[in-house]
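Letters A, B and C mark the chains in the order given here, with residues in each chain numbered from 1 onward.
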């Protein structure tokens, strides 16, 4: 018979259970999956078990011995589940382009031959005479790999297994992503702080209009918003026409399809994430602090500098964190109003996740992004000396 | 054919994984057809979905997507997919067919393979439309019309910026054609490492003058605003905007690349039989021939193509005059190479 | 007239005389016909108020009576709609508040939560460009004075209410302001602490010679600390007087009822003789009251007797006598609150414990001297004192 304290514990657990389930389902599990998928690599071994055990002994130079080739033929002859085979092919092709056609051609050729006939792989396709396809096979056999993680930072393993540079731009794009996110955050803070102050100081319909104006971009479809920015910012757009009309410039300024356009458009849509936290912090500041500062001899400017600004800073800090984090994930806006040098890392992740179903790469890039962001956050938390600023 | 990416997607594996969760099971779900959204899907609703729903006496659900084999993979691997019929691009057809994501097509139910264009026939899919990516310009602004990709590259004769879809697909093909490669030899050249280098080198020349676009509506607004003087664009969009907004946008058919979008049935679809019936319905010449009235896409069913009035014929990629000098997108090439070439393309862009 | 002599000998009255003398020379603060309207609402109505240097003046009144608005105008947070405010011979109504050099103590202290106690107190010195070292010394000295030196590195949120109050006070005094303005500064403290702080404030005022304007709605607070009290009602001063004057000689019904508790009777003046008026109450009882101001025979009048001035006796004595029946006895610790029913009137008496009181239903005589009864001219507008 269970006593009532135990009962109370159980019901308490039941009450918080939905929260834990929610966290587990929508935060922990995806995170674990993302990490797992970026380092596991068992798909090829699964459909080519004989090759897997035979190729381990090969030293990787020249072409593998006959046993390995025979093992591969045996594996290809054995009927395999089509989807699992597809996964293996996708994995191999992502390392060496052309593996897909090579394997499909070889498989159908091998299966067409009578089982006891010897097969000359290089005869079916001359590519089997090249070492790199065999090496790729060998590298695909272990259950775990650092290949995706290396590729995410523009590195790969060469034939000897040592790490070398790869042809890709993930590092550049990653740095660019952080730069753009930081720039947008800074601009949001610069605009958002005075905006929130005006909103907090105003009353009645003025306040409502101000808040509505800042929330509006969140409710507008991305394409409508982008189209509006194009109308405003393009060479024959309103801003350029106005600038030329008043004689500030005589050539239209390039305001869109470059970094300027991306930063303007992202700042616009992310502004509410900055304004609202600051606004709520400002509302929490007692009304009599500014009169108090004034009575103690502070002019408006000094009262702002010494009293209002330091007290609004926690709002700016949490707003900045929000804007920065959200900005890191943007890719449609840079794609639509940016130039070639403004693509952000999410577009690369999306390419791998949806475009090529290479979830290992997508996961690795996501992991690198997560680790970098966490590191930045820790540094930021240390610098600002206030550990509770998000929750406050 | 990625029409528009209207959804802000949080990038990364989370999406794919989320889709796997969302997949779930659906027992008595109605037939669900997925296409590319926008005007195109509106037209499909009128001429395919609604009449078919009336015919079978059951609702037909329709959704839209933005493409990507990863989405298909996630749906299929979830067990029972919550989509039945999906309209896919060439590479998704090739990849998914090889990887077993689709049901096999019952060609007998469609009246045999020879009723269709050869390129529209596959084990796993039935061609739905033929569409082109082509050199386009605003004829009201450009008095001397450009006629080739060489003109597109010629910034002295045609000063101004050019619009290009971001990504290696199409960019490399067009670059090679601009560099003098005959259209029918483009994929042969591109199949060699030297050919890829050559294409990138040619792109280097134009790089400072390129405005990259992503969504299909963008090149039109770029042309309309004069932001670019020429752009690659989808033929259906060009005809559409000329009709609705009275523009005079023209396209250059020689050197254009056409591709086929196909209907596929997702593996283990609970409505596979009804799905097949739907595809047959949408492939009937009487039904299919109504499409060009709404949007200028070519028809893979030869009988249907013949029933299209001459006035509409001139805008279709499948019209004989428009096929001269045009090539088909090589899905197999891109399936093999898209990852490596995208990686290289991104690196080239970032340079 | 023994009562009057006794009053004049109190130290408060000596101060009052000194103040009157100083005011005659030149007022330090002068509200000259000041009106403040918010839209159609007149919050302050043609205020004329003069305060002498070194004086402690309380503005007392119910909420909405305009007392806080007056303080805000003096501090510079509000501006008069009409009229002038003078400070030491200079008009200040257009001077921005940070140039007025007034120390303000706010109702909820308005301490800066992001600064330590020391930083809060140093703030006015920093704003005045006082050097770091000197500022540090002055802050240390000021905190020593209020016995808070050991808390100088704490944040306001780590202090008790009374400590916060003392920090606010220190901050308002550390820069040696010309005037100290306090807006219900003790309102948030518990009773015991409030009474302690009242005495502390009074001592500080006396030792530093500060000029203090003190807004409160708490009459006992005003009576404890003030040199003079201005009782406000509806934007106007009902009475401006010393605490004794306000309590013992209320001039209006509002003041009589707002300050302390009183028994009020309506009546008509029958006769005036030798500084004593005979009044016939409506209930038929006649009372005699010492005159403070001239009254007309036959005029309606209010007679006020404080409950503690009523003596309950077994037999009728000299002075005014009203036969009563005890209707209720309420035990209050140090005294009994006794409800009495007389002929056509109800009375309340505060009876000291040592005086025996009969049980409910017993009869007695309520007696009071004419000097303990104050006559008040009734309000012109009926019901305006409610």
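As a working rule, a contact is a pair of C-beta atoms (placed from the backbone, for glycine too) under 8 Å apart; a residue touches a chain by one contact, two chains touch by 3 or more.
Since the structure is predicted, the reported quantities are computational estimates derived from the model, not experimental observations.
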item	value
Chain occupying the middle, per Cα centroid	A
Which two chains share the largest set of C-beta contact pairs	A-B
Centroid spacing, where centroids are CA-atom means, of subunit A and subunit B in whole angstrom	27
Distance between the centres, which are taken as Cα means, of subunit C and subunit A, whole angstrom	68
Mean-CA-position distance for subunit C and subunit B (Å)	87
Touch list for subunit A against partner subunit B, complex	25, 30, 33-34, 37-38, 81-83, 85-87, 89-90, 93-94, 97-101, 104, 166-170, 172-173, 176, 221-223, 227, 230, 234-237, 256-257, 329-332, 335-336, 339-341, 343, 345-359, 362-363, 365-366, 369
Interfacial residue positions of subunit B with respect to subunit A in the complex	4-18, 21, 66-74, 76-77, 95, 98-101, 166, 207, 210-212, 214-215, 217-218, 221, 225-227, 267, 332, 335-344, 346-347, 349-351
Touching residues on subunit C, where the partner in the complex is subunit A	75-77, 96-104, 106-108, 110, 112-114, 123-124, 126-128, 171-172, 175, 181
Interface residues, subunit A side, partner subunit C - complex	286, 288-289, 291-299, 302-303, 306-307, 310-311
